[in-house]
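The chains carry the letters A, B, C, D and E, assigned in the order they are written, with residues numbered from 1 in each.
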Amino acid sequence: MKRQVKVGIVDTMFARVDMAAFAIDEINRKFPGTKIVRSTVPGVKDLAAGCVILDKKERCDVYLALGMVGREPIDTQCGHEASIGIQMAKMKLGKHIVEVFVHEFEGKDDKDLYSIFEDRTRKHAVNAVLLASNPAELSKFAGMGKRQGRADAGPLFQG
Amino acid sequence: MKRQVKVGIVDTMFARVDMAAFAIDEINRKFPGTKIVRSTVPGVKDLAAGCVILDKKERCDVYLALGMVGREPIDTQCGHEASIGIQMAKMKLGKHIVEVFVHEFEGKDDKDLYSIFEDRTRKHAVNAVLLASNPAELSKFAGMGKRQGRADAGPLFQG
Amino acid sequence: MKRQVKVGIVDTMFARVDMAAFAIDEINRKFPGTKIVRSTVPGVKDLAAGCVILDKKERCDVYLALGMVGREPIDTQCGHEASIGIQMAKMKLGKHIVEVFVHEFEGKDDKDLYSIFEDRTRKHAVNAVLLASNPAELSKFAGMGKRQGRADAGPLFQG
Amino acid sequence: MKRQVKVGIVDTMFARVDMAAFAIDEINRKFPGTKIVRSTVPGVKDLAAGCVILDKKERCDVYLALGMVGREPIDTQCGHEASIGIQMAKMKLGKHIVEVFVHEFEGKDDKDLYSIFEDRTRKHAVNAVLLASNPAELSKFAGMGKRQGRADAGPLFQG
Amino acid sequence: MKRQVKVGIVDTMFARVDMAAFAIDEINRKFPGTKIVRSTVPGVKDLAAGCVILDKKERCDVYLALGMVGREPIDTQCGHEASIGIQMAKMKLGKHIVEVFVHEFEGKDDKDLYSIFEDRTRKHAVNAVLLASNPAELSKFAGMGKRQGRADAGPLFQG
């Protein structure tokens, strides 16, 4: 059922962590033989066009859009615009673009923030590959409260 | 007037309840013989592309987009972006995608939240099938204050 | 200059008033002979796709999208998403879709709210027919502070 | 370098001032011989479709979308939806639609508000004609803090 | 690997600083021989259409959309609408449009604000050229916390 996939990674210079390195390492470990291409843009608002442009050249099966959003309210608005752009890009390509955004305010301190970057990126890198290669695998976890960045919330019990 | 329909269900790993199970059970009970296909994505922002991709393979008559939105303000923004993406997907497909979103803050407690998940998903599963098979049936309830998740508000009396 | 038009009405089960009944009655009174088709969807977020799907079958000249928005902040957000979807649908069809939304918080009490439903729907039903049949008629009222739901604000005097 | 242009004006019945009259007067004075067509819609949310529909018939070189936004928060949201629709319409047409919105809360009093309507509409009418006939003219004012509705802010000095 | 590129600059009359002058100077210094075309529009909401219209004539490899956003909440909303329009334009063109927006509230005083204008525009001018000529160059700075307008934030250390 599995098939070899080609993953396109678009990341940013704005982010304060090399998110693509986590994604590439995770994919290489878990899915050796996966083809990876990577492109870097200035910031999150450039990710949507970055995926569309990379797709024209590389025709990947799925994309990872990796970015950080700053802590000011205007940054949150920029992240919102970036996300809407990514929704547009998904429609244009008819493909999944797994958005991995870390908001700077999410971390309690630098160490915590760093761990969110790593955890979220690694988990979504796996999700991206599975969406393209073996989507049935994801249905095993449907409704299970999976989280990226923190520990899973887990399923809700009926109480 | 009724015709057999094919329903596409897209749900998420993020949700803390297996919403698709409610939808499938409800459709099987009320509309036996309905064809159902199902696909799972990581979170609500992936639902729009999930419907478009499922449509390419399965050409369903109608889609159910099932998801949970977290309780933080940033989660509400994510849900908003997901909803705008779903509006784009409806335009692209020219089909109904019945959005079933449960916001984590809606529940007074876990039990209440669980019941919202079940009630909303089951009712909208019926709505989705009727939209595709027998839309005139819905007009009987036009303006009747129908609710999904809670009891109906009912019609407003002129006072 | 006038020509007979075909009006498509899409309304919802969520609304607490039968808005379509007002629209149909008003059009029948003021513009006898107008062809009217009607379709019902669950809630406001389904209106955009409802218009697009109705258009595929009926090719109306103009659409009325009738809906109610609940009183909670999350409802206001849903109404916003619905409106953006309707803007997309207008672009897709290249036709007017007159959006008639009543927000539950607009009414001082049930009676007042009911009167907003009726007034806004009846006036916009007339607007919709004129947009399709005799748009020059609307220019007579340009800048006159016309309101739907309440009495007209009227023109602003230079002071 | 200049060429005769055709300007499409779409205005609303909701506005409390006849904005189109200012635009037409200004264009006739400053650019005699310019062809003007005009169409009126109910409110700001109808402007985007109004431009697209007018374009199908008239193929203008540029459009003016004239409207007023009410003073309540829900009105501001409506204006936002209208603006997003206008952005969509620009993309569809590949033409400029100069949006001239006056928010009711901008005026200190009726007289002040009226003067904003007139000043903004007249100045943007000139901008619209230049965008279509002689865009290089606008570059002379790049970065000069030009304002419509009030006096120019002027350029920022390096301090 | 490098190739000569053609850059399209769209700027505004609303801005209080001649942003295009910084961009042109920077590109001429760093990338002599680069072809530059420039077009001016009234304000930020006109930038998306400005890029699309310039593209029809000039077919640039990449665009810079330069603008200032005022300090009132309604201005922030306008900037938001402008940004969404720019995301639409990127999808339409399948090209990068590097958005360089300066919000008037960002500056502590006029001098500080002016320096943000210059720093952000110059740095993004370089980014735009590299995106079109030598995108691999940007990957060297992926995750390095690059900033435009202020000093770089730098990479986050694991703590």
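Here is the rule we use: a residue touches a chain if its C-beta (ideal position, glycine included) is under 8 Å from a C-beta of that chain, and two chains touch if they have at least 3 such contacts.
Note that this is a predicted model, so its numbers are computed, not measured.
Simply put, subunit A must spin 70° to overlay its Cα atoms on subunit E, rounded in steps of 5. Work out the mean CA point of subunit B and of subunit E, and you get 40 Å between them. Note: centroid distance subunit D to subunit E, computed from Cα atoms, is 25 Å.
Annotation for subunit D: residues touching 2 or more other chains are 80, 84, 88.
The ring of touching chains, read from subunit C in the direction of subunit D, comes out as C, D, E, A, B.
Interface residues of subunit C, counted against subunit B in their complex, comprise 11-21, 38-42, 45-46, 48-50, 52-53, 56, 74, 77-78, 80-81, 84-85, 88-89, 92, 109-114, 117. On subunit D, the positions that touch subunit E within their shared complex are 76, 80, 83-84, 86-88, 90-91, 94-99, 103, 124, 127, 131, 135, 138-139, 141-148, 153-159.
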